[in-house]
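Letters A, B and C mark the chains in the order given here, with residues in each chain numbered from 1 onward.
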Amino acid sequence: MKKTRFDRGNLKYYALSVLSVSLLLLAWFVYSSSANAILSTPMEVIERFAGVIRSPIAGTSLAGHIWASLKRVLTGFIVASAIGIVLGICFGWFETFRDIVWPIFSIIRPIPPIAWIPLVILWAGIGETAKIIIVFIACVMPVVLNTFAGIESADPLLLDAGKVLGANSRQMLLSVALPDSIPTIIAGMKNALSTGWMAVVGAEMVVAREGVGFLIISGMDNLDISLVLVSIVIIACISACLTFILNRMEGVLCPWLKLENK
Amino acid sequence: MKKNKKLKRLVLGFLGIAVFLGIWQLAGTLGWVSTKILASPTDVVATFIDKLTNPKPDGSTLPQHIWASLKLALIGFGAACVIGIPLGLTMGFFKGMDHFFNPLFEIIRPIPPLAWIPVILLILGIGTTAKAFIIFVAAFVPCLLNSYVGIKRTRTTLINVAKTSGATDMQIFFKVGLPSALPMVFTGVKVSLGTSWATLVAAEMLSSSVGLGYMIQRGRTIVRSDIIIVGMLTIGVIGAILVFLLSLLEKKIAPWRNKK
Amino acid sequence: MAEARKQITVKGICKSFQNQEQSLQVLQDVTLDVNENEFLVILGPGQCGKTVLLNILAGLESADSGTVEFANGTPKYGEIGFVFQRYALFPWKTVLQNVEMHHKFQRVPKKERREQAMHFIRLVGLDGFENAYPAQLSGGMKQRVGIARAYATRSNIILMDEPFGALDAQTRYQMQDEILKIRSAEKTTVIFVTNNIEEAVTLGDRILLMSNKPSSIVREYVPELPRPRQNTDRAFMDLRNVIAQDMDLAL
């Protein structure tokens, strides 16, 4: 029997979803409409959003703020991916290198990227470089770790296959171990991009003159909670977009993965 | 042969760290970089020992900072576990719960934890409650998500076996769903511990007068790289210890997970 | 039969594995000869050391003691074909790219290696699938790729490690016919490992029975059966029963 989308059971569940979201909106509305509420009403937020699109904030348009943050996060991410993959390969493939460098790396690893902000500002000032370095630090860890894990846990059966087919050790790395780790590496890059996005927002919140992190913090400083909420929506949307793009890239780079998951 | 390898690894590891520290120390001594910007290892050790008892120049001793941060992190993280795990499990198991809470969860899920800081500071003020709440929100998402996915992935065969032996829904939830979700729940708890520790540092950097995040931020304004580095290392070490403790707990509660 | 030329001489191979608690002897004094261009089946129960023996022949593992001598000199990697039980195809390569992998490693020009690969793809009956990814193929087709890839090394020795072990019974019969057809087109020495008696009797010019761990060669059979062999033949069934009894004893 064919089930329609709206048979009675499903309808009940849809009603629950609608109910919960309406309850949230209602609660927001009631709370924010009370006399001395700090929270602005949904209408105010929408108005503010329109305002943000129309007039620049602190001398930069909304697109300018978004572009400033994106530029920082992408630069840091790309540099970190390139260096991280090479470093991860070295850890996974060259035992002596791993033995020497890994302990140093494991001491630095648990320090959250945000905690680097003060030191990096001391080193590089409050300009673009500092922010890119912070994004770099945030992105490089997951890329290195995943590349390392991917290479180290490359399928021994495929390594044997490479060997009996006469691959030399360079070919073993580049044609067998590395492609076998690509899914793990991409997972690391996805992780890196979302961590990097966090880091750039954090860095801009601490010190910046443009960017979405600056936007949200200037909302806080001016007690403009509508602006804060608008910024949150923007930050979340960009975060979702970045994830979406990387997912797409995974499909293009590794067409065989989709087939396997079918 | 195996012993030799272990020894080699140990020796090379120490060698690596020694060379690293050596270069770092020389960089300061030979004046490659100003010690103001990068304090040498010996300075860092001296500052660490000094900060154990000396509240200057940032107002609190290191143990006080640690305690302030740890307290906040554990309150927020603990609350996230207590609320997030049961909610995630029930959402994953009972369809009605799923449909009611999932849309709400999908709304907050893509928001990076740091973005919550301004809203919460504005609404709740700059006190302890606000900061604990920030950490709660940051830790809540991975806790809930992993519990939810974990119980959803319970093998249908296992559920069917339980059903055919006459188990009630509640029995299936506690005896089948819960144990099989446990490994993923733990993954979520670990992730959320990491997130809460990182978010805590950010929250303290933005608004606080005590805590490790405040300490490194203060170190920046008065240009004391030694204090910053002591703070960073403390943050790192405590984060690592917390994760280690969790792994110990995991081995106790879900011993079947790490057996190869 | 005419005097067969010995191609591989294996003498007194022993091999044991160490894990934390104990040492497990897998091969004990394995001695055998392999003749040129013969189809040698090594038959043994489930977890005996058949795969380990093949790995030693291929050079993937080394023996604790004993010797392996090749009449034409010890081959390098790439000079012995190997068919894996679990296919071991590179999932990120298409069928064609998998089959030409050996030539790619040898830096053979693209056009030439493509032609070579296509020859073997046609040989195993996969033309039309050369641009498919392994994930798009059934188990039997995957193993055809594995066989083509092994033959594409142009080795005169092909090792097959329970190549049909992961296939269902129907596909298994088909693949047995297929392997004999391929063999009549490409004359090579084949060492074929299996735990299936019927498969051994269907395929082998000579069958060596291995005992359970620690394994050694306990018996040799030379089926005097005309090809193509029918598993309903009287002589076929007799031989199968004899081997089955011996195998029970060997366990």
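To be clear about the criterion, a contact is a pair of C-beta atoms (placed from the backbone, for glycine too) under 8 Å apart; a residue touches a chain by one contact, two chains touch by 3 or more.
No experiment lies behind these values; they were computed from the predicted model shown.
Overall, the chain located most centrally, as judged by its C-alpha mean against the mean of all protein C-alpha atoms, is A.
Most remote chain with respect to chain C, judged by CA-atom centres, is B. Distance between chain centres (mean CA atoms), chain A to chain B: 17 Å. Each chain gets a centre from the mean of its Cα atoms; for chain A and chain C, those two points are 48 Å apart. Centre-to-centre separation of chain B and chain C, using mean CA positions: 52 Å.
Of all the residues in chain B, the ones that touch chain A in their complex are 8-9, 12-17, 20, 36-38, 95-96, 98-104, 107, 110-119, 121-123, 194, 197-199, 201-202, 205-206, 212-213, 216-217, 219-220, 223, 225, 228-229, 231-233, 235-237, 239-240, 243. Every residue of chain A that touches chain C in the complex is listed here, in rising order: 157-158, 160-168, 171, 175-176, 179-180, 182, 254-256, 259-260, 262. By the touch criterion given at the top, residues 55, 58-60, 76-82, 84, 86, 88-92, 101-102, 104-106, 133-136, 149, 153 of chain C touch chain A in their complex. Residues of chain A that touch chain B in their complex: 13-14, 16-17, 19-21, 24, 38-39, 96, 99-104, 107-119, 121-123, 194, 197-198, 201-202, 205-206, 213, 216-217, 219-220, 223, 225, 228-229, 231-232, 235-237, 239-240.
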